[in-house]
Every structure is written in structure tokens, then in C-alpha cells.
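Chain lettering (A, B, C and D) follows the sequence in which the chains are written, and residue indices restart at 1 in each chain.
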Amino acid sequence: MGKGRLEAFSDGVIAIIITIMVLEMKVPHGENLAALMPLAPVFLSYILSFVYVGIYWNNHHHMLHAATHVTGGVLWANLHLLFWLSLFPFVTGWVGENHFGALPLAFYGGVLLMAAIAYYILQRAIMATQQENPVLAKAVGRDVKGKISPALYAIAIVSTAFEPKIAGAIYIGVALMWLVPDRRIERQMGA
Amino acid sequence: MGKGRLEAFSDGVIAIIITIMVLEMKVPHGENLAALMPLAPVFLSYILSFVYVGIYWNNHHHMLHAATHVTGGVLWANLHLLFWLSLFPFVTGWVGENHFGALPLAFYGGVLLMAAIAYYILQRAIMATQQENPVLAKAVGRDVKGKISPALYAIAIVSTAFEPKIAGAIYIGVALMWLVPDRRIERQMGA
Amino acid sequence: MGKGRLEAFSDGVIAIIITIMVLEMKVPHGENLAALMPLAPVFLSYILSFVYVGIYWNNHHHMLHAATHVTGGVLWANLHLLFWLSLFPFVTGWVGENHFGALPLAFYGGVLLMAAIAYYILQRAIMATQQENPVLAKAVGRDVKGKISPALYAIAIVSTAFEPKIAGAIYIGVALMWLVPDRRIERQMGA
Amino acid sequence: MGKGRLEAFSDGVIAIIITIMVLEMKVPHGENLAALMPLAPVFLSYILSFVYVGIYWNNHHHMLHAATHVTGGVLWANLHLLFWLSLFPFVTGWVGENHFGALPLAFYGGVLLMAAIAYYILQRAIMATQQENPVLAKAVGRDVKGKISPALYAIAIVSTAFEPKIAGAIYIGVALMWLVPDRRIERQMGA
């Protein structure tokens, strides 16, 4: 079975997720800076989430490029990943509207953590279809970033109990770490 | 006429349906657990509906894979299915916001029942185009799950008059039954 | 230049239009029939608009199937059509929320009329690219339905000043007339 | 790496942006002209933004047509462009709801300016992949419109401090200037 429709459907869902997040920035009724100011934290959390969803799309793009065929298990592992990504607009809005409060930041980290786990499961499901010619396994290699990230999200979630700013800093740091695109698969597939 | 655009359009509509359902989870204004709690039933109904829409996308994907060409009748049978799927966000929100009340659960079952009937009509419309080489008919076979499901939805709708919990249990049970991907078509089409 | 991306973009926009119309059916807060009843006119107008957008997608699908290449003029004629289609959710919600009042029905007809004109302009723009081999011109033929519809919409708009029910009946009648898929192009292109 | 998925994802995001803008036109509760009138400025700003997003889709379409392959840098430059485009619904709604006030018009210009810069960066990123066979560089040529536009947006932003109408006139003027489709790339790529 081809992977074209899986990619198209994922593209559609991710495109909608990344776009409807902006709907959490409600148009203010006034026209001065005072009316706009309350939106500043919503805008900051929107930028962070846009980058995260962009990273997921980017890596998903690379991973499926290295996929050779699609099984029922891969389809459901992919839907599982999309489920957690679909919660981004909600936690983004919650974090933004509550000025980076502790509990919203913990839930934000929870969604990041579950999405990272879902991504890992999808990666394993695709690898399981490539036992003879492990294209993706070679490309992924040791996958240092993929293993560090969930640990950092877990630390961030715990840290919200003490100092929410630590969690915020970790989320930004992990995003910056991933902004470097995943050249491993490109190298393996390249030329 | 090719089926590519039919698949692309269906993917788009299903991707939007599965994603806008999350908009029914309104961002709470408070930042504590008390503010989040009222969303628990909305979240549970979101999970169930996400799984159902995922099942439809999955089976639609398999069915159209076995379609050989597309007629005007197939196009409209497909739009008819998409119409009933498009009501998922509404009934999901209604069930969730009213804590699994009887009438919302009955309407939820009504949408499930109509979508199942629409899926069956689409299946027949595609089969009607394959009279010489019945790829889909062979693949679908006896279609036990496709025949049991509408009966179970009907029982669930009636049960809401007595005990809404029965309906909820049936909807979850049918979803679990379908989560096993439809290997029949995969087997028939397989290499 | 290929027409694939034009079709993909149009599919995306039409898929979103047909799906976000359902957001006008706001989830009621009560769980009884009394809470649901006010939504009946919104639901009826949703069905009508779903059918209209489905007709446009269907005919657009056929028309672009007969297009051979895409110019800048075709791109903009297509965007012009999408603009009028994008107003469907607004007029549908307005008609539904005001129980088929005269002015909302007149505006609904106005959007139908402008979309029909935009469709005609797009058809002419595609024909203008096929002067040597007029595939689309042959397929469209006399285009009786395409010429009657705008006249009927105009009559409906005027009729709202006297009796809004006439306009509603005309919109339903034109939709039924178009539900018969456009076999002319299919025949012309057919194997 | 192919550019198909990049185009598909961009099409999806742009299709959603252009469509959800219409959601800022809230359905009025009354059914007379008085209820509709407050929406006039929202409708006007919707038309202008629809044209701008259409221009971006159009030019993006042409530019990627002239792209030969896609690198990580191109992927992120594209996401950066989509980020600024995703702010169109917000600034459009803000401008419309505040009857073309000075600050909303300045922010509108800010988003136009940032999108223009992001488009330029994407253009450079694609050109950087074509050093041996500069298809895009030849096609773009001197790019007069691409260089004038940001300057005009900057003038418009400053002008809002004195007379917001100047800014509005500039935004309309630049849109009209771009409505002439970019025939340079078409000519260069043409048969």
C-alpha cells in the first residue's frame, strides 16, 4: 500500500493544527496598544507552538520519506501521533491565556511528552516494516535528540511545581535544539 | 476518471473534521484543576470521536484503494458519507457538554448509524462499477463487522431511553471492534 | 504549467468551506429537545449549502478534468470563484439563525448568483486556453443548466421582497436540478 | 528530496488561512440591513486580505514551480513565510472590527512587511540550491515589484501616525500592482 495518502492526510491535519492555533488570539475590541497587550503571552505561546508543530511536520516529512511501505499498524501509530498534536491548540491557548501559569505549563509539557512518545512509536512501527533493508534505522542512528527530549519534558513537568519559568526555558531550549533540521535521514537518502 | 482528487478532497474534509472537534474544548479561563475538570467529559467524547473518524479514514483509505474508477454516483455517495461525518464535531460537543445525557447520546448514535449506512451505500456504488472484476466485493467478503455495527448502533439508540450508560458502552465496544484494521482488503490487494 | 496544484488548493479551500459551515450549529447547553429545536433551521440551511458546495466541487472537478493547461488568468478566475464560495458559511449561518428571513435569503441568493457568474468566467478562461482543441467547449455544449440557474437566482432575489418562501423553493429546486451530475463532460472525455 | 509534500503542506496552510478569515465576519443576530451594516468594514478588509493571500499563493506556486530541490533551509524558510501569513486572519479581523483605525492598520502593514521579507528569504534559499543552473534567478530577474513593495509597506506603517487613509490606499495599490500575475517565471519556464 502506498504512503501518498498517509502523507496527504497528515499534511492536512498538521496544516489545520498549525493554523487554527491562531484562532486563540481573539481579535481585541479596542484599537489601542492597551487592548493588544493582553494578547502578548498568547502570541508568545503561539510562536513556540508554531515552531514545535513545524518541527514535527519537518521530522515527519523526513521519516516518511524513509518509509518504504505502510501497514495498518503504521496508520494507527500515525493517527496516535496526530491525536497528541491536535491538543496543541488547546494547551497553547491555555498557557497563553493564563500567563504561563504552573498547571497550564505542566499540561503543555504533558502534550509535548506524549507527542514525543507517539513519534517514537511511529518510528518503531515503520522500522518494523523494514527488517530486510533498514533504511530508516540507519538514518535515525543513535537518535540522541529523540532520547533526550522526553527526559527534558519530564524534568520540565516536575519543575512547574517549583518554578514554572524553568519549564518555559526547557520548552524553548528543546525547540531550538530541534530547529537544526534532521540531516541524518537526508544524508542517508541523499545523492 | 481518476480517483486521486476524490481521495484528496475526502482526506481534506476528514482532516478538518478530526481537527475542529478539538475546538469544542474551550480554553478555560482559570489555571487550576478546578477550571479544567468540566472539560473531562468533553475530552473523553473527543477521544472516542477521534477514534471513530480515524476508523472511517482508515477504512475509506482501504476501500478507495480497491476502487478502480469513479462515477458520478460514487462522487455523491462519497459526499453523502462526508456529510454525516461532518456532524461528528457537533454531536461530540453536545455529548461532552451535557455529561453523556440520554438525548445527546441518542443523537450521537444516530450520526454513527447514518454514517455506517452512508459507508455501505458508497461501498455498493463502488462495487457497481466493478461488475466484471469484483476486486472490492472479493476484498469485503461477508463484511461481518459492517453488518453488526448498524444493528449495535440501533440498540444503543433505543437503550438511551432506559440507561444511557449502555449506549456509551456500545459505542466504545464498536470502536474497539473496528480498531483492528481491515486486513481483508489488504490481503486481497497484497503483493 | 500543471493543473495539479490548482486542483489541490481548490480542494483544500472547498473542503474547509464545506466543513466549517457546521461550526455555525453551536452546541446547545441543554440536553433536551427544547434546546435542540432552535437549531432546526440552521441544520436545514446547512444541508442545502452542503449540497450546493458539493455540486460546485463536483462540477469544478469535471471542468478541470477537461482543462489542458493553466494560465495566470485561470488561476485568478479560480480564486474569484473560491472567494464567493467562501461566503457560503456566512450566508448559511445568517439564513439559518434568522429562520429564513427575507433579507438573509436575498443575500444567500446573491452569493449563489455571484458564484454562478464566477464559475462561468472560469469556464470561459479555461476555454480561451483551448482554441485549437476545444475539449471543454465541446463537453459543455449548450450548457442549459448553467444559463438557467443565474436567471432563477435573480428571480429568487427579487421574490424575497414579496414572499421569501418562493426564494427558498427556488434554491432547493436549482440544487435538485444540479444534483444530476454533469454527464456531458464525462461522455466527451470517456474512454 | 521532492518538493511535492512542501507544496501540499503550503497549499493546505494557505487554503485554511484564506478560508478562516471569513470566520471573523460573525453572523449578525438581526435580519435587517441595520444588523448587517457593522460588518461592512470587516467585509472590505476580508476582500483585501483574500486578494493578498491569493497573490502569495499565486507567486508561491510560480516560485516553487521553478525550484528544483528542497533543503532543510528551504523547508524552514517556507514555514517562516507561512507563520507571517497565518497572522492575516488576526490583523484582518482587527482592522475590520475597528473601522480601519491607525494602530490596526499599522500592524496590518507590519504583517505585510514581514511576509514580504519572509518571501524574499525563501526566494534566496531556493536560489542558493540552484547555483549551477539558476532557473529561479533568471526567472525572477530584477524583481522590481518584490523590492518596491516592502518600501511601500514601510511608508504606509509610518503614515498611520498621521493619516491612516494613506496606509489603506497604499495597501490597495500594492495589491493591484501584484494582481498582474508574475509572467516572468512563466516565460522562463514556458514550453
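To be clear about the criterion, a residue touches a chain if its C-beta (ideal position, glycine included) is under 8 Å from a C-beta of that chain, and two chains touch if they have at least 3 such contacts.
Small disclaimer: the values here were computed from a predicted structure and weren't measured.
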For this session: Specify, for the interface formed by the sequence copies chain A and chain D, whether it is same or different in terms of residue numbers shared by both sides, with half as the dividing line.
Result: different
For this session: Farthest from chain C by Cα centre, which chain is it? Let me know.
Result: A
Exercise. So how far apart, in whole Å, are chain A and chain C when each is placed at the average of its C-alpha atoms?
Worked result: 37
Problem set entry | Whole-Å separation of chain centres (CA-atom averages), chain C against chain D | 26
Exercise. Which positions in chain B touch two or more other chains at once?
Worked result: 8, 12, 15-16, 20, 23
Exercise. In the complex of these two chains, what residues of chain B are touching chain C?
Worked result: 1, 5, 8-9, 12-13, 15-17, 20, 23-24, 72-73, 75-76, 79, 82-83, 86-87, 89-90, 93-94, 97-98, 101-104, 107
Seminar exercise, completed: The chain B residues in contact with chain A across the complex are 7-8, 11-12, 14-16, 18-20, 22-23, 25, 27-33, 36, 47, 50, 54, 57-58, 61, 65, 179, 181-183, 186, 189
